[in-house]
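Only one structure is covered here, and it is reproduced in the block below.
Going in written order, the chains are labelled A, B, C, D, E and F, and every chain counts its residues from 1.
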């Protein structure tokens, strides 16, 4: 039995609120249950030095947690003077995942920065960030196309992410914080709309996991991501209409 | 005429939403028009080294802006590896202001950290932070009292803050971003419920301001702060009921 | 009675020694009693990135204290690897104040850096820095004009600064360290030669201050700044002759 | 055809040279072809603050590359003043993997630091580091047991790691640098001697990978890790004899 | 012929002004011609961690230059966020040199920090710092003895320092900035009152120097240091009387 | 008697292994007994800002120690976020010494970076680094000449370095760690093939050293460096043949 009473293959309540803030080219509040992340997409008409003059754009991501998004207050990274290893790991994952959704050459010499800021954490902040980040991204692209700065949509895939794990010996979908703390294995999966894997990151927390457990987790992830892709499409459809 | 169509002595729409996030001992979303700041109060059972063993508590504040809370994306301070001068100045101001509301000895050897994180900026983020921070603070104190860790309420004053300025030669209350950019003078005022001044910080942006202009601004500030104190009381009353 | 035996409206002994060091384009040793600050003005033929190609110059300030300028040795900021919040706050104040004295466009694409280094601290280091910084600035401008790099003097105002406070219930002028520690209210005022306010920064240390106390402090500040402006004019006159 | 002429399921030449340096409690030079990493295990009789007094030990890892271990010289992280995101990600992976081999309580209140320093890089530095780090670890434990500081060996599992990928549409084992640059998918797998997975980290570099490709890669990884576990056992046997 | 018109074996005008600032336990303004350095000695009743409980004291030094002590303004190290290699090298040299003058055990568990801050630079700032630092040190010790915190004077030697070099093929004493820039060899020598060498640091700037040149420089250094030791004794005698 | 049983004028076993790593333009493993340092020379077709457009090249050095190259593990400088004073001092010494071997103008607008990374430390790491660095340098130059990027060899001198000291009252050559810890005086000498001094850095650790002790140490240094120059020539000859 899961602490939340959910079925093993049941996502938490998912919400994607577009245009959550007014300044960003694209912005979304993504909620996976009590996990709430603001994702914004910001466009700048420049590229990092290693891409200058190469006719290609860039997508990068930054991730942060408000100091009291968690049970205990965490020190503010800006005050400590550096981003921790976990933050770096997560923002690298978000950036890589979203770059897989888009043709960087078709973007032109522009940088899109996806900022994912966790307002409230209850497990799964990185998967919520990727799932929300993917919604902020096409909103920003629409902006570019409306302004006729882009004629061809550079997005060629849809990306979503969910966590799976082994909790009390059972494969479960979309772990919340209580499950995450006790899970024997935790895996974050990023997939596209064609069922292809973009990232698979599994970690044994307690005992090493077996091939059949890996397979059970991947089956669940595929199912959950299918639903998340639906949520994304609905949110983007609503915004267009709105 | 103000860009927003407001009267010179008219505040923006004010909203104070208590318990905005679930982990903090006290939390508030404060809105001064389009300026939105999450204020949380976190209690830790320890004091900074300079107070150890002195029987006194401490209140400190930290301030941050989400990178895309502003028109143009700002670099993330955690990524740049240090907090800028403006951030430091503001968080020192918030901390000093809230310390004036409370008897630190009566608090006992505890630290309360007020985190003010700007979700969306449209002028007046520091005054909104102080005004919201004051609401988060008694919410956290109530928590301590409910747990019987404190018997006497250490709060002895109520604090709110607003900006005033000279815009097109006229003294105006609660400047938004467009006014702030063009104002000749900008002043942040922090007052208590007895009409006493806790902080007065006036800066001539264009020409130096005269004594009569200073007086006109202080009159407006007093009026606006009176209304903000009302908003705070109503919010704290509602939360109690809730 | 003030610890120094001064009258409430009496400045400490003021001294402004021009050309205190030989390398800077302008340099002054400013003394407010035992507070001693070296102020230098350095000219560089470049502007910060945000002003490049805009035909405007820039004035900025940096502030530091020698580690043993104070009663207890303070850690050296260079060794600790960052400037503290107080330092940043003060150098931003000095820079803003001096920019109010000068037409940045008339300066041309140059940067003037005012370095204020406290040799010995006894209260009022920021007001001494602004007052001394103002003297270093025209000395540097004279240099530019002598070399015919500038034809029109870009300085259009004279700036000085003093602290005022409420000490033992009485408004007093130019607080020294002993008064500063015990004052109920501390206010730093920056004014120009026309009696206009450039900055007003008042902080209640103990109880909140009343409007009449604010007025009494502003009256004293106006009087003290009048005398400081005289000292500045005399120092600049002497140097010219010398 | 692989650039090196290897079969798809063929490891590079593997070498594990024990006691490569003389000061560390355990040290190994690990070579995966031209990739050469010095792994040392250092024992300190203390634990990090979060474990103090809890009766448990700790294993942590640090990773670095000599500036000219790579084709182009990389800036030295010590000179740049911070470790990059890739470094942090790798050293967190090494630490997590090795902690899975050992009972931290049985270690007692000690910290073992595994330093992995890349002398020459040709792809697979993180998998070589884990594989070599596992050899340095029992060497250090033997030291503790010889000195009778430990009576029961806290190591309960054997850990090795290898990379697999899809290169020119074919699943291949143990990618070198040339393959790594062009691979469509890159996956790092950490397993124990019982065939359980400790970490699985797969990243689509070009197109998203399919479930059958994932399975083919995992099959190869299992085979390669079996051989690496053999190499480790042989190296540890030789050292004991020596 | 030297630019200053001095003889090869002639020091610049030397001045040592005791009690230059009022807060430090010992303070001196040292002048070697136009080179002016404030040296202060600060006593703290604690030792660094590596000496705790060992019954020994410590002397350390810090060195800094005011940003405009030099011909061109240098960036402030506190603002750049780190001390440069030259600063570190110099402060390590000052600390080592002064530790040679004193019995650290006799000092007791105290730290004396010698701060050397260059107000104006014209060559030889490190030798002036050592020479002035030595005067600040006994002034601070006298303070401890007056307060009866120390009964036996821990100072057992007298230390002074001077630079020598080869300028236009001739060995010269106490180089100023113009000579320093063009010298073929530059050597800093620290000696005690018994003619023993504490530090010898010679650097060939242009061509490598010969043994006979080294000898000529050492002869000059011995002569100059003899005179500096006299200046120190006179300064300390005057202060005592005063 | 020396702990190692060596004669006072006897070097440790010296080994110079060229082309120790494959990516660098020049690379050497240098061994002075148990002290082992990897020296690489990396060429970049650019110069630091202060040399841009001046037609001159640059040589710089960086130095690091693997965390467990020493008896006790040292914190990793990259993790601590800055290079210590000792590191900076040493890399400045290596850079200055090697610049004395080469005509920077003849090098053209290029930078050669000498990285010296200590794999195992047993005293004398800086002198081994200079001696090995000198071998990596001509190997890199040969590379440039083979590629016909340079026609004239810019190297005009040969440089080697050794330590000398006073150990138990006797002058000894090439101190190992045990001697270094107990030596009364420690001196590092850098000389060229003509017997000229490039650097002389002597430090009294215990008592100040006398002129005759200095002379005895310099005699030993000259002898040792003569042998090191031989080793360098042999190594460079072998590589050419190889």
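Simple rule for what comes next: a residue touches a chain if its C-beta (ideal position, glycine included) is under 8 Å from a C-beta of that chain, and two chains touch if they have at least 3 such contacts.
Bear in mind the structure is a predicted one, so any value in this text is a computation, not a measurement.
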Through how few touching steps can chain C be joined to chain F? 2
Contacting chain B as well as chain D are chains A
Name whichever of A-B, E-F or A-D reuses the C-E interface, so over half of the contact pairs are the same residue numbers. A-B
To bring the C-alpha trace of chain A onto its twin chain D, one rotates it, in degrees rounded to the nearest 5, by 180
Whole-Å distance, C-alpha centre of chain C to that of chain D, is 59
Between chain D and chain F, centroid-to-centroid distance (C-alpha), Å: 33
Touching two or more other chains in chain C are residues 81-82
Once the touching pairs are worked out, the chains link into a ring; list them from chain C, going toward chain E first. C, E, F, D, A, B
Note which residues of chain C are touching chain E in the complex, please. 21-24, 27, 34, 38, 40, 42, 44, 62, 64, 66-71, 73, 76-79, 81-83, 87, 113, 115, 117, 119-121
Spell out the part of chain D that touches chain A in their complex, as residue ranges. 82, 84-86, 88-89, 91-92, 96, 100, 157, 187, 191-192, 194-204, 207-211, 214, 218
